[in-house]
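Have a look at this one before I ask anything.
When the chains are written out, they are named A, B, C and D in that same order, and each has its own residue count from 1.
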Amino acid sequence: MTTGIKLVTIGGGSSYTPELMEGFIKRYEELPIREIWLVDIEAGQDKLDIVGQMAQRMWDASPYDVKVHMTLDRREALQDADFVTTQFRVGLLDARIKDERIPLSYGMVGQETNGAGGILKAFRTIPVILDIVEDMKQLCPDAWLVNFTNPSGMVTDAVIRYGKWDKVIGLCNVPVNAMMAEPELIGKKPEELIYSFAGLNHFHWHRVHDVHGQDVTRDIIDKMYDGDSGIPANIHDMPFFQEQLQQMNLIPCGYHRYYYRAEEMLAHMLEEYRDPSVGTRAEQVKQTEAELFELYKDPNLDHKPEQLSKRGGAHYSDAACETIASIYANKNTHIVVSTKNNGAVPDLAPDDVVEVSAYIGATGAKPIAFGALAPAEKGWLQVMKNMELCVEEAAVTGDYGLALQAFIINPLIPSGETAKRVLDELLIAHKAYLPQFADKIAELEASGVTIKDEVVQALQPIHQA
Amino acid sequence: MTTGIKLVTIGGGSSYTPELMEGFIKRYEELPIREIWLVDIEAGQDKLDIVGQMAQRMWDASPYDVKVHMTLDRREALQDADFVTTQFRVGLLDARIKDERIPLSYGMVGQETNGAGGILKAFRTIPVILDIVEDMKQLCPDAWLVNFTNPSGMVTDAVIRYGKWDKVIGLCNVPVNAMMAEPELIGKKPEELIYSFAGLNHFHWHRVHDVHGQDVTRDIIDKMYDGDSGIPANIHDMPFFQEQLQQMNLIPCGYHRYYYRAEEMLAHMLEEYRDPSVGTRAEQVKQTEAELFELYKDPNLDHKPEQLSKRGGAHYSDAACETIASIYANKNTHIVVSTKNNGAVPDLAPDDVVEVSAYIGATGAKPIAFGALAPAEKGWLQVMKNMELCVEEAAVTGDYGLALQAFIINPLIPSGETAKRVLDELLIAHKAYLPQFADKIAELEASGVTIKDEVVQALQPIHQA
Amino acid sequence: MTTGIKLVTIGGGSSYTPELMEGFIKRYEELPIREIWLVDIEAGQDKLDIVGQMAQRMWDASPYDVKVHMTLDRREALQDADFVTTQFRVGLLDARIKDERIPLSYGMVGQETNGAGGILKAFRTIPVILDIVEDMKQLCPDAWLVNFTNPSGMVTDAVIRYGKWDKVIGLCNVPVNAMMAEPELIGKKPEELIYSFAGLNHFHWHRVHDVHGQDVTRDIIDKMYDGDSGIPANIHDMPFFQEQLQQMNLIPCGYHRYYYRAEEMLAHMLEEYRDPSVGTRAEQVKQTEAELFELYKDPNLDHKPEQLSKRGGAHYSDAACETIASIYANKNTHIVVSTKNNGAVPDLAPDDVVEVSAYIGATGAKPIAFGALAPAEKGWLQVMKNMELCVEEAAVTGDYGLALQAFIINPLIPSGETAKRVLDELLIAHKAYLPQFADKIAELEASGVTIKDEVVQALQPIHQA
Amino acid sequence: MTTGIKLVTIGGGSSYTPELMEGFIKRYEELPIREIWLVDIEAGQDKLDIVGQMAQRMWDASPYDVKVHMTLDRREALQDADFVTTQFRVGLLDARIKDERIPLSYGMVGQETNGAGGILKAFRTIPVILDIVEDMKQLCPDAWLVNFTNPSGMVTDAVIRYGKWDKVIGLCNVPVNAMMAEPELIGKKPEELIYSFAGLNHFHWHRVHDVHGQDVTRDIIDKMYDGDSGIPANIHDMPFFQEQLQQMNLIPCGYHRYYYRAEEMLAHMLEEYRDPSVGTRAEQVKQTEAELFELYKDPNLDHKPEQLSKRGGAHYSDAACETIASIYANKNTHIVVSTKNNGAVPDLAPDDVVEVSAYIGATGAKPIAFGALAPAEKGWLQVMKNMELCVEEAAVTGDYGLALQAFIINPLIPSGETAKRVLDELLIAHKAYLPQFADKIAELEASGVTIKDEVVQALQPIHQA
């Protein structure tokens, strides 16, 4: 009988993988890994080889004897797995560029998890994750799935709702960043504050107490107007309205800027989009990734390079490693995760996936009941969750009318002819990854819908690279 | 002991009053009115006199002996009233011009019930209706309040929630128009179709069956793309996306255009706003009203003039008269009204006011349980109702942070600096009618916020008229 | 092409059938029936022949040309049906005797719809109604199912929940009786009062208003203590506590006596049970039925005999005929029916079947939203509905543990060893009709569980008859 | 400025107090108490003196310098308190004897927290706790209230709902006992199992997992039929039906025996009641208490005597001390407490008090979201919570009709004339502590209602003691 954990990472060729390895090495004593399987698709073979060898070097430089396998055969990897992490990106960064550039070419928010881009990313990702779940049911029915593929909330919800797979936890680094950055605003250390989060992935709020039980949310809010507030590297630093935050006495997450300061966020994105020296976030990431893979090729490099932290997802992998260790060792760590609501956020249905403060242990996530929200937060939450439900169902069924409904209800997409055009172009642009919409895409193509040259051209230099 | 009904109309100097009189005359046999009290404020004295004399002439020309009283003393009028109708407009049409022009001057929807304008209209109206309710508790505790002052849904909700007055029904002419216009699209008469409405005022959907129980909603939807679909005179005729309507298998109300075709509706409003020969809706109405009052002055006119139907509110008064007659004579008529939910729309709380199909009889409105909505409609409904709750609470408390929250969550107001500026200018513009916000307004004025000249000028010719 | 309605009655050999015929003859002008199919099982062939010939004589004596078919072939009858009514009794009256006598033999309520007997009746009936629904899906997919087989609420709920058949209405005569009996208590005629019912079948409450909108519930409550209150013939006339009714300001249905006056109801049932000259209700009904069938044999009898009204179900058939006529002719009649909640009773889920005031028209039942109940009524309602859900699931799955849970949660069954014994004996007694429980029944029989002699003996004379 | 904690114990003269002292002494390093105030009423002066001196001796024998104050002046004690614990018993043990004997004299469950007795205890206790809360608002507005006065759930709910005081936690020793007794059934230590509780005080269920995340609930259930299962000393050891527990896959608390094995529990209670050598639980406790106070008088006794554990409430005080230490030191301990639901049990309202697994830290209780229950458990839970709401409202208002409703809906009280008689006698018996029901009690007395001699006599020897 074998001992030790078999861990599988789908999308293992990601530039994040070294951070994941670092996290596992750091936690080896409580999380005794036996073997790691990095899985990727054929188009990612080169990156998988580079990062896989890098990963093996990291373990070899550690005191631990762990074998890193690289494979394109997902089913081989999943056999008898204990933990499966998913960090794949259907369509790679080029797909993200389209998610960003097509909306921006029409003056709308172009972003990979919010607005039109996030919807399309869900359309591409959900069918793939449901395939993975079907494999897991056969090959490793006791394994935990730890997802950090975006849009993490909808993907996790779809795994439970459509995949009927409950052993899943969705992760995001946004809450971690807030809990690391905010305490110093009021002269505290992270361990001196008590955080309570509730909402959805990239759409949550939190309140904060000190260890004397005093609510210090207002103190942090007021200090935010003197300095920095834990905004992810990939979100423009636009302050919220102080009166709004004081009224809610909650701190929104960084992504709320898209909703609470729509005007300024859009203006900033369009500015970057139009400035060829900046480019969209995907293009910046693509550049960073290219640099990272150059570094990873160095046969002498056996630890995570500093440059990795420039990516927006810093701490993502740390959250993932801590989650896995907490499940394995029943640590009961407070982590903010996407998990089945079970009532924690009573303004949504008990079977909706939400992102909340939870204690992570051997049974997975135990969400903390947050209580009812005030009307403004409740209204936002309900419209966003119902938007997610439309997106998920459209992703599963390929129902174009429902895709259109999702676009129209999405608060970042002004409804109308342009919204429909953006949807149509995105469907065409991602045709290869959207078999569920094949008929509609064929109809759109036949009717002459095409993507703007400025988007096509943005992809050129990348294809040559 | 007196017999016959005492009816009080607050805002009696309205140009709608003759339509109301016509409706009561037509129903006199089932609704035996003894006396009608038209109440208005000092600023409306002239209009009250004109329309009051016109109203008396209408009754004198009828077979019925009804006395029309005109008064500025609301409490005198309310004493022992049986029915009270409210059709007042706090700040008159000049306030509506500001509600329209200030948002439009910043490129946002300017409209009296939707978006920023609707919020400010609620801020002005809710304190006044709550005063009226306090008077009614003392002077006519058994009377019914039939409200058709906009925003009718929020006003009705505030009467129940904050005024603790349950004998209220809110009315709107939008459903009536749909039920009159749609049948012919599929070759039917109104009495050959069965309508089921659910949602909020100016934000509801309906489904339609024929008398054989077949759902004909889809038939009407498809026919809508060949012709007209019961759009109120004050809404630009912009078709919905057919795929969206087919997906929901419900027909949205005309006002949904602001939400489902935001781009085109805004473009159209801005076009009219910028064309001095057209002007905003308030300016058009002001012109219509001036013409109507000229007609009403004619001492030989003793029936409703044809021109009155040019106003968007046609059938409003008819709905009001039918509602009152149905209560009085326990007629159990199907009317779509704003009333306490009681579960009819299970996606909202039982004590929220909703606008639904109801049977109107001696106990008021008996709402028909519509059942749960699909995610897209549910999300829209919940965000709109919670927006309403923020507006109502801000109207009662004068909480600026909450007013800002209402602006930010409102789907027709792009959040950001401009939204805040629009709120601030509107508060200043309506200063005289917003005592609850007095401190904040003073602060804004002190900080130098002023209204654009183009708005101020739009009011000039009207003041001279 | 044929014209006129094809109506099918399953359990057509019932002694109620002549009342049904009378109801249809009375309504022929608005409900033009072409043919009636009375369906029964082989064991009921004789009764079917007698009552079928009687039914044909009734139509022949009317001005209308309607053919009454008698058949044991349910599928032949269902082909192209327009309306299907169900009034069958699985196991005939002998089964009812067991439902009554086995619990009573252990000192518990023995009754065909409440307590242990009602649960067993559901176990026998639900599989059969689900079979009928499967036939209807194939043979008459547009037909309406009008059920008055008891327990009417659970049967109707199972048709929707497990049968996935929405075109169903469940009926009961209890509300009709209340609406006919109560008005005179306060010197009113039925048409002078407005009734609002909400709850479950045999477990609902109502409030009453007069045509001036005044709540007269309290007046009726207080008058109930001077006289009769619409108690069904099959419920012992035991008054409720006046203080309780005043507190709730609602009038419970007659069957609430079992729950609100458990002590006295049980004592009365046991007294009748122990008195051989009285017997249980089933035995009384059996006697009545035998007399009725003697009458029906008379070839000169062509109208409903007076004696039929002695059965508890009087007005049942009238309610059924009126429901069918209201659907067919879109009459919008107020009838209290079991139908999908849709929010009408917000303390239960929108997809639970409830019994409520509804307007019946071409689209079926439009339930009136009743609003939230006070805690005492809410608690009762929720425990009863959840009991029903356990019963239905056990009926479908044959899960013994769940059957036991249903017994334990049922307020009329004191939990413990005796309750389990009663369940076990009932399962054995109804073995022929409970294939879903076959394994458990075999196990019980093997372990030596048998039915008391006093129950077996009660069945003897009946078998000889 | 003072340092260290001021702790106030209301009902400080209780025989439990030494256990509480022991708990605080054990935790002094993490919970630095400065002074303890034991508060009691005049009737308890003697016991207060005895136990207070005993308490002071316990501290004096410890390494810590803590002053124990004894007072009858509650307001003096509450001034600037940090923690207030409540363990008072309105009417002392004689009241409990009445709560037990009066129902039993009519053949009903007589118990201090369940059935009629629990309702009357709530009637006596809730007005007093609300008075305490009013004092706390003035004198120690930042203090935490830790309640272990029964019925702990209703008392805690009333503190939040009617007292509008959120800093409260309700405690019970039942969950502790289960978590200590069950693990060994399956060969585990307490720290090797993960417990999840949900429900109401004395009416909850739990599921159990091992540290590998496997659900071991069924293993424990099956082992329960070989041995003991953590049943409180004051509950007769009557096993649940194994099929029922297997079906729910949850373990009920010991008090569920009253509901799931009503027949046997009642028979056992009546047997004890009728056996003069046993007596009711109150009488047994009274004897134990008398012995304890004899021991406490010993000026040499300075530690908790062994005999104290004979009382049913063992571990109660330990739970209380751990709760207080967890709040003070932000320990995040898993404790099962009565606290505001906030959605943790989604089948009840977010603002209902429930008893659930929670992590206790500086902000109080963070309840773990348990998720929706299956119908049987849901039905039980909802009827019990609504019963509690009736009791609380009747306790506050003195509404007799509502008290009757609470009796009728309570599953342990067979409704009917006898139930009403029991209510009436209990009201009279507790007259001195029920000012809110004064008018009704006077009416009952005038109508000749009296308590049975057998109850009066049971109190005699005690009065002499």
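One rule holds for everything that comes next: a contact is a pair of C-beta atoms (placed from the backbone, for glycine too) under 8 Å apart; a residue touches a chain by one contact, two chains touch by 3 or more.
Note that the structure is predicted; figures quoted are calculated from it, not measured.
Student: Chains touching chain A and chain D alike, please list them.
Tutor: Joint contacts: the list comes back empty.
Student: Given the touch definition stated above, what is the smallest step count connecting chain A to chain C?
Tutor: Minimum step count, chain A to chain C: 2.
Student: To test your reading of the model: what rotation angle superimposes chain A on chain B by C-alpha positions, in degrees to the nearest 5?
Tutor: 180
Student: Which chain has its C-alpha centroid farthest away from the centroid of chain B?
Tutor: Between chain B and every other chain, the largest centroid distance is to D.
Student: So, what's the distance in Å between the C-alpha centres of chain D and chain C?
Tutor: 44
Student: How many angstrom lie between the centres of chain B and chain C, each centre taken as the mean Cα position?
Tutor: Here chain B and chain C have centroids separated by 47 Å.
Student: Report the inter-centroid distance (CA atoms only) between chain B and chain D in whole Å.
Tutor: The answer is 55 Å.
Student: Show the residues in chain C shared as contacts by 2 or more other chains, in ascending order.
Tutor: Expected reply: no residues.
Student: Okay, what are all the chain pairs that touch?
Tutor: A-B, A-D, B-C, C-D
Student: Could you please specify the touching residues of chain A with respect to chain D in the complex?
Tutor: Listed in rising order, the residues are 194, 196, 209-213, 327, 330, 340-346, 350-351, 357, 359, 361-364, 366-372.
Student: Where on chain A does chain B make contact in their complex?
Tutor: On the chain A side, the touching residues are 241, 243-244, 246-248, 259-265, 375-376, 378-380, 382-387, 389-390, 393, 399-402, 404-406, 408-409, 411, 414-420.
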